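Scrolling down, you'll hit the structures one after another.
Note that chain A is present in both complexes that follow, paired respectively with chain B and with chain C.
Up next, the complex of A and B:
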């Protein structure tokens, strides 16, 4: 929680940064299939923005449009006040870290990193200096003469990052760069990337389908689905106030149940009435109610809002995950204390942790 | 017993394949003119071979055409392979089929159809028509050698080059060509070899005035085989053998067999 508070504080200062990239009404069609449907998005200088969504949601296409590898069917890309929609990739002030690294196997590590500098006719001694500095930055000093194929996946990934960063781009685009790494290495690289981004003060646009990765690293998360943006916000903002059931389910785990908003600050679901903090839905409006598994508190059988029976218990390390049947619904509950299978328990939720959302629009639900 | 039969069979096959060539090579060193009688070891036919202006002219034609055809078909074939690789799936499959058909077509069909084409357009047959024909039948083999190398390449390599500031032309030179170089070299050698030993297609696409070695041997053999032809054939066999060994070695290196 503390970490998320820090990012929000940073986000406030982020608002003073000028907008670097703006996507206006971007659409992309392939052979009549709409991959992006009128996307509007801006990215501020020095911001760490993550495009998050399941595969096929259009996140990679959005990145490729900014990189210059795709031309949108409709809409404009503005970079630093200039329309770059039709500018070829090699003239853009962005660099990309590709999914499978795409290092050049016929060049050694140092020549891979120096590739962009040589094209710009940088003097030799300056290239050598910059390459060394980059190798140091990615913790691979002394690897310059190695062949890239002799490196492990994690090392190749670092070289790919160094090869992009050495050109001092204003924006670094990263397309699921950690996807091929194992879990432990991935976690290390997440932290490294984040600290690198903060030290260098470069804007990062990061694409991932891993919600935990997005929550850990981002200043701003853009949740996408079916070629549309569902929600833009800080990690904490999106986690605490998901806009609809899809976002709630995609970011972290959730219990989502149908309910009726009786009036402001009063909702009915599972045959019981609950006080909540949401208002403005009107009276007797059908809504989705979202409750995080860790927000359900187990209490005595008679004192809870709902009474249920424990159906299964899983030990998850930090907590137990229990499936509890109550009010005709199977609730997922995370708790550090365990109730045995078959026992009757009471469930309680404080009003603040009950999130009310509009039923998902049809267009988004497809 | 079974093992003996297996060995025997293989030896039989090899004998049938190589004894004629061996006889030819031995005969090329025979001092006498008769093929029936061994009259002592001699290099006289080799000497005569290099003195014969007809044969030397034919050798020049053969080698220059093989070199030119190899270079031109390698350039065209490599660029074609890159173009086909960049196509979408269905046109790509179509192009590869169109590329494969000429290779499976009998040489005589290719030869006659090229001859008819030249006749139709009233092009006088000679050196340049033969060269054109050789380039034509070489290209598919170059495409086929380069394509696997392109497919092995990381599909983002080209984009990575653009991303780092390459123009499309620079990306081709600095990233794609180095990646497919082994395939290009193999394709060039294959083209050279095929062109060097082609008879059928050359026969139909040149005039009697411009002969390469194989058409010359054919026309002379009709008048009776001179021992110089033994010497010539022996030399051609050795040259092609060496070239093929190199090509095979390269192909084996490019596609290591997983054991």
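Up next, the complex of A and C:
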């Protein structure tokens, strides 16, 4: 999908940074199965880029190609102006934090962190100093002599980050590094990683299937599916203006209903006509209409665009999640006020919150 | 040729053991008020007691008694001086063995040293041959790996006596190898009846026991470790030396144990491939029991062997404190 020239204008400071990594038309096949299908992507210096998608979308393969663990079937990887497509992993100026940390069980914490430095024949006292500084950075000072197996998952994860960062890589690749942690720890680590990245000024390429994680940390999110890039943009850009129904559904929750674009700024679905802000779809075009659950406003029965019946109510903490049947469709609605099950309510949406999308070509996106 | 005479006390001891066993079973059933799962372990306990513990105790008993059943350390003196009994008889007859030109008989100790040396050689060579073989077989990109594993296993389906005899027809003066050499005009070689042939036979028989533990460890080793090493800047050679090799040590320890132990006690192979020229400790024990008909000295020799094996196991445990090597035993 070479047509992903999504504007990154929102991040002007990012725009000023030179491109560090460029993927040109990368394809990867395993035994005839296409895992990556002509990927084009660039990553700027000091940028926090997240590859986001469901499992099997090719995000980890993309990371491994940049790390040097896989060679693409087609295409080139450019790093700092040089073609590194066939450069072996140990000669690349990138380091990886692996999904299951891959800490060496036969070495203690300090020796794990020092592994890369020792290979570079760094003087001993410098190694000791750098290891101590890294342990401090990840809040594990004094853990140097411990065996890695005695550490908790969160601690192992920090050591894995320290082991990679101590080599001062230009790019840090992170393959779902928080996947094995519990929710609370994961949230803490998200913030810690983000602040670490900003402090050290290192480019992060982060792989996750967790959309919330991606929204929290990234400068740029790359949404992938079936070996293709569906959308590239800032977290806010992708959340507010998803390019198709898949992205809309994957990033946050969505109501996606079939509709007809009658003309510019007027759409019909569920038998009612709605004003919207989208243009350029032509007249009487079939489209997907995407409305976020929190954008549906509950109003009096007679005042709304649609009238419906509350079918179920779930308490979610900050809000209630209600399933409301209206116009033959079950709508997911988030609201801080609760309407009891069985009650009749009116649904209303402001034009700005109605997102119109081209019907997704299912064949294209698998 | 059976000279086995169970000591007179063995029958009452066996009966007592049986009674105690039944008593334990009944006690357990009463105590746990019914038949619980651990009870099913009792037959195995009895089996182990009957065929492992009691024979070991019997060996110890014979080793410390003489033919009349009296306590003695003479059997161990016979190990140190294989002519001890003969010399003692000479002294009892009023003669001085030294005057007659008889000194200490060194056969037993020499044989033990020779066996240990051969076992060490065999283990080192098996390791040198076996590690690369296991490494290649475990390589995920080497698609013939699984086939080769099977090829390694197939000969083990045959009896090891047969396999050893098969080597004879290869190495004999008129064997396949010599006939081949002769047919291309080269002189025939003396391949059999020397230590080299014995070592060859031992390596052939014990190599799989080195290959499989190492192969198992390498095959199960997560690729992520070597990827992490490469990621941190280690070349393929450094990756092997600093990560793969240390992580495969449990397999190596296992392999060394499984090759060294049977190597020390090897018998039959030296007799077939070494002719009369070489004897190893296993053969010596067999000869002492069956040919010399001396169960007491034979037991002493066995006991010394067992202690040596236990010591080497203890040493290995120091190298491999988690004891992963022993899981294979």
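Rule of thumb we're sticking to: the second predicted complex is superposed on the first by the 352 of 366 C-alpha atoms of A that agree within 3 Å, B and C clash if a C-alpha of one lies under 4 Å from a C-alpha of the other, contacts with A are read in each partner's own complex, and residues count from 1 in each chain.
Basically, a residue touches a chain if its C-beta (ideal position, glycine included) is under 8 Å from a C-beta of that chain, and two chains touch if they have at least 3 such contacts.
As the structure is a computational prediction, the values presented were derived from the model and not from experiment.
K.L.:
Chain A superposed: clash or fit between chain B and chain C?
P.N.:
Result for chain B and chain C: clash.
K.L.:
Contact-wise, after the overlay, does A:69 reach chain B, chain C, both or neither (first, second, both, neither)?
P.N.:
Touch status of A:69: both partners.
K.L.:
Once the structures are superposed on A, label A:95 by its partner contacts, choosing first (chain B), second (chain C), both or neither.
P.N.:
Both: A:95 reaches chain B and chain C.
K.L.:
Applying the document's definition of touch, where does A:142 land relative to chain B and chain C: first, second, both, or neither?
P.N.:
neither
K.L.:
Once chain A of both complexes is superposed, is A:54 in touch with chain B (first), chain C (second), both, or neither?
P.N.:
neither
K.L.:
By the touch definition above, which chain A residues appear in both interfaces, chain B in one complex and chain C in the other?
P.N.:
Common to the two interfaces on chain A: residues 67-69, 88-90, 94-96, 98, 100, 102-106, 115-116, 119-120, 163-164, 167.
K.L.:
Which positions of chain A touch chain B when the two form their complex?
P.N.:
By the definition above, chain A touches chain B via 67-69, 88-90, 94-96, 98-106, 115-116, 119-120, 163-164, 167.
K.L.:
Can you list the chain B residues touching chain A in their complex?
P.N.:
Chain B reaches chain A through residues 154, 156-157, 159-167, 170, 174-175, 178-179, 181.
K.L.:
Which of the residues in chain C come into contact with chain A in the complex?
P.N.:
Contact set of chain C toward chain A: 222, 224-225, 227-236, 238-239, 242-243, 246-247.
K.L.:
Within their complex, state which residues of chain A touch chain C.
P.N.:
67-69, 88-91, 94-96, 98, 100, 102-106, 115-116, 119-120, 163-164, 167
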